[in-house]
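The chains carry the letters A, B, C and D, assigned in the order they are written, with residues numbered from 1 in each.
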Amino acid sequence: MTSPARTPGTPPASSERRYILTLACPDGTGIVARITTFLADIGGWIVEAAYHSDDESGRFFTRQEIRADSLAIDYTELSARFAEVAQALKADQFQVIDTLGRKKMVLLVSKEGHCLYDLLGRWHSGELDVDIPLIIGNHPDLGPVAHMFDIPFMHVPITSETKPAAFAEIARLVEEQQPDVIVLARFMQVVPPALCEKWDGLLINIHHGFLPSFRGAKPYHQAYQRGVKLIGATCHYVTGELDAGPIIEQDVIHVDHTDSTAAMVRRGRDIERSVLFRGLSNHLQNRVFRDGLRTVVFK
Amino acid sequence: MTSPARTPGTPPASSERRYILTLACPDGTGIVARITTFLADIGGWIVEAAYHSDDESGRFFTRQEIRADSLAIDYTELSARFAEVAQALKADQFQVIDTLGRKKMVLLVSKEGHCLYDLLGRWHSGELDVDIPLIIGNHPDLGPVAHMFDIPFMHVPITSETKPAAFAEIARLVEEQQPDVIVLARFMQVVPPALCEKWDGLLINIHHGFLPSFRGAKPYHQAYQRGVKLIGATCHYVTGELDAGPIIEQDVIHVDHTDSTAAMVRRGRDIERSVLFRGLSNHLQNRVFRDGLRTVVFK
Amino acid sequence: MTSPARTPGTPPASSERRYILTLACPDGTGIVARITTFLADIGGWIVEAAYHSDDESGRFFTRQEIRADSLAIDYTELSARFAEVAQALKADQFQVIDTLGRKKMVLLVSKEGHCLYDLLGRWHSGELDVDIPLIIGNHPDLGPVAHMFDIPFMHVPITSETKPAAFAEIARLVEEQQPDVIVLARFMQVVPPALCEKWDGLLINIHHGFLPSFRGAKPYHQAYQRGVKLIGATCHYVTGELDAGPIIEQDVIHVDHTDSTAAMVRRGRDIERSVLFRGLSNHLQNRVFRDGLRTVVFK
Amino acid sequence: MTSPARTPGTPPASSERRYILTLACPDGTGIVARITTFLADIGGWIVEAAYHSDDESGRFFTRQEIRADSLAIDYTELSARFAEVAQALKADQFQVIDTLGRKKMVLLVSKEGHCLYDLLGRWHSGELDVDIPLIIGNHPDLGPVAHMFDIPFMHVPITSETKPAAFAEIARLVEEQQPDVIVLARFMQVVPPALCEKWDGLLINIHHGFLPSFRGAKPYHQAYQRGVKLIGATCHYVTGELDAGPIIEQDVIHVDHTDSTAAMVRRGRDIERSVLFRGLSNHLQNRVFRDGLRTVVFK
């Protein structure tokens, strides 16, 4: 259990090293000028830049990706100088990320394996750039899949009696890893509100329904009963309120009267897989900002 | 007000005349054989055939479109003989439609014109094959649009005080026309339950949200607040329960954080237009069957 | 024929007046800082801003939309000062647009009316904000539609013998209007290369196929024969090479074996309508930049 | 190399055993009656039925899925009696498939692993119901992936000099397995026309472009250069003409000016994966019929 997770891929060439700067602050005039002048002054070669002024919330968001080798200053100085800009702009959220540092993801699963297979295949082929030190299952079924990919798997059974203790154990195991993201990859258990709060912004779920329709259990059955002509999946941050957290990504497919509930379950898997991957990738690349219940996602 | 509505297009060539046979019955073995043998016996040239056995409801549905000129028997005899088949199959729903008979549609509108313009443009160009003897508005704003297209327009104001009387007047005007379909083309009033019941199966609404999410007023505002990544429109039969009737057609478009509520309203119009048109066309061509809250739509 | 086209809608409130600044230049460091500092210096309240650095072409593009009433300087001075910025950045393309000035669109049509009805309906309801002083048809069929909407219509027949003279007449009529855009709304004639060149950047076509597949005549027939599972439409600038100009907008719908060529023609209309409208709207709002054969479209 | 491939899943319950009857014949009256009467006579419980009369080719297609345990007769007698029906209908194609017999798939790969990981993950989890006795790579890179899933892998290098010999070896290895389908899962080699012909109807390719656009090498680069606003993938039968065989399935995603060629390559993978899986599943379930260059796909 203590063996390091397999790390596919090779370290990026130095020209591939990036600093990602993110910032959210109250909107106003001159913000973009302030930020871009700062970047121009330090000679930053901007690889990708995104800005958003939200009219309704009155907030401003930016994400800048710059080549590390274009700067004369190092990470520490960059961080210090960016913090000055952020303070001048009264930013309540800002960060400088060095892409050399790898991120860590912990997965929670039950018995349904399609999202797990998909994430592990993408990870193993280098499409998903993250370390996976641990997978936890409340059933043992998917342990062999974790082992195929040489990833430690812990089985923590959950029953209605053991729930508090089980989640305490899960929390201990997860937090030992200090993950950048915890993914509920079709984990069919409701995470206790206290943990949701503690892991706020780190905990991502894939819901097999088009939220806010069909919250809770058996969304495809609900969709079938209601007779909708589209079914979907939603990747969202988990909050204390079930299936009501900020949405990162959603997609749908058309269905019709020939699709039984079982067909919806089967066809929906493709949407769940790709929506989870896209939402997760955006999170891992610091492309997602929360703005109340809404999200800004710079693609 | 009594002048006939303009009828665009020309009568179809005799080879274009069709009989449409529809039937719904409890499922069982031999039903398709029974129906197709009947059609083969009368020499019917099947232009289009559709069948559906619903596993969960245990019901069978079919729609057959045959060339009128392929039959030696006339409409009356066809109807009588099909009724025998239907009775043998214990059908609770069956019909023979002669496409020579034109259908009638009455429109109810308020101030938002985009669905009205769209339907009238399609009607005038022959894309929507129906007669439109009357448009009723609870505001006078869209009267000039009706007049451009030479369609009678009646203004029936509705206030909270006059609501019962106003709907009684609307009912009288509508029923005078004996329409095959009554379309709420962004009619921003809740139709009284008694009328919904009376017009059950005839009353079609376009809802500017992806039902069952965002029922009721201002669905785009609700969608914005919830931070969804897709917005949609739903064409459905109206029942006594608001925005909860059987869905005929739905579609969505992707939105993101750059879409304000106003942008959603603007972009959503395209979905509303096309979803309404597709749902309505299917209804007019007898392609829609109700199966409880679900619909079977043979496209 | 000289009567002004009907102008629906009312003039915008002064707070709605915008200046749109567009610029394209070779990419480099400090460009965004230069532009945003300029805007901050003149106190410009930015309503919407977009930037794009194209890695492969090495070009930079921006579009800025600012509230006119936020500036102390007027249009003339704004234009002069922006020109200085543009020259400093070696911009080969830049413009300041005052949204008070209305744009003009001329339409060329043949017999197929669905795009015409759609554009006129959107125009009449205020969704498409432009003046339409003239519609030209090489057939008389759609004249009555133009007249319903009180828009002058000129019939200029085109035969293989009269083609040069006819296009000379069309060019004369079009240029009299000094339009900002000329739309081929299912105009089934090939515009002579010399005119395409003369109207470069002004001439927009809706092609009823997913380019670069199915160029030229009868794209739905080509699509049917090839057995594709999606059909589409493409809105593009017209150049001297048939159906090969820069693409502004595209979309598709799924088809299957049940869709005959006629069904594709019918179902494709919805895509043509919405793709043309979206492409045209982006052009009219100065959201489209050409980058060789590619386009940058700031939505 | 002769060890049997791993077979996930358990044998279906007897109530799950099905006979699939497929038939293609010249269209005419009474065909459906003939077939359904035959099925009714033998007491067949139809689980799923599909019919298609193609107006343009004048051909009729059907697929019937019946519960094996609903029949008093066995497979041999069913086949014999269905052959009589087929002959009466002058069918040039008909088959009875017993779902108890498992199908075999051989995969050909190069270095790009995303389709391979996806298929193997779906296979291992039971979503893709087939045996995979062999994977052949013209590079050794994906051998370890095959081994993770306990599937034999053969490396057959291909150079311009060794091409004929290499393909002879590939043919020998493939044919030893008597596969029901041979999938080019991003196999970056052109299969010789003689083999395409020999494997006609068995050889499936996933092309990373929206055919018929962008045939041949580097379709994403071609798409980028052409400036399209949608990119796609196509699953098709391979014929002697490169990327020109009958299309089984296609899909697209929207792209814009911010998508570099590399981004298209990355984002396109999701479409390739799901299009290949859907096309392949339909083939394996005998849902695909060829009608010249077109396909009928009963979903």
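Heads up, the rule we're going with is that contacts are C-beta pairs under 8 Å (C-beta built on N, C-alpha and C of every residue); 3 or more make two chains touch, one makes a residue touch a chain.
Molecules present, by chain and UniProt name: A, B, C, D = Formyltetrahydrofolate deformylase.
Just so you know, these numbers come straight off a predicted model, no measurement behind them.
Would you identify the chain whose Cα-based centre sits farthest away from the centre of subunit B?
A
Per the definition at the top, count C-beta pairs in contact and tell me whether A-B or B-C has more.
Ranking A-B and B-C by C-beta contacts puts A-B first.
If you average the CA atoms of subunit A and of subunit C, how far apart do the two points sit, in angstrom?
Spacing between the chain centres: roughly 39 Å.
Where the CA atoms of subunit A average out and where those of subunit B average out, how many Å apart are those spots?
42
Once you find the CA centre of subunit B and the CA centre of subunit C, what distance in Å lies between them?
It comes to 34 Å between the two C-alpha centres.
Of all the residues in subunit A, which ones touch at least 2 other chains?
As it turns out, subunit A has residues touching two or more other chains at 258, 299.
Would you pull the subunit C residues touching subunit D in the complex into a rising list?
52, 54-56, 210-214, 224-230, 232, 246-252, 256-258, 260-261, 291-297, 299
Across the complex, what residues on subunit D touch subunit A?
113-114, 117-118, 120-122, 124-125, 127, 145, 148-149, 258, 266, 269-270, 274, 277, 299
Residues of subunit B touching subunit D in their complex?
29-30, 32-33, 36-37, 39-40, 43-46, 49, 51, 53, 254
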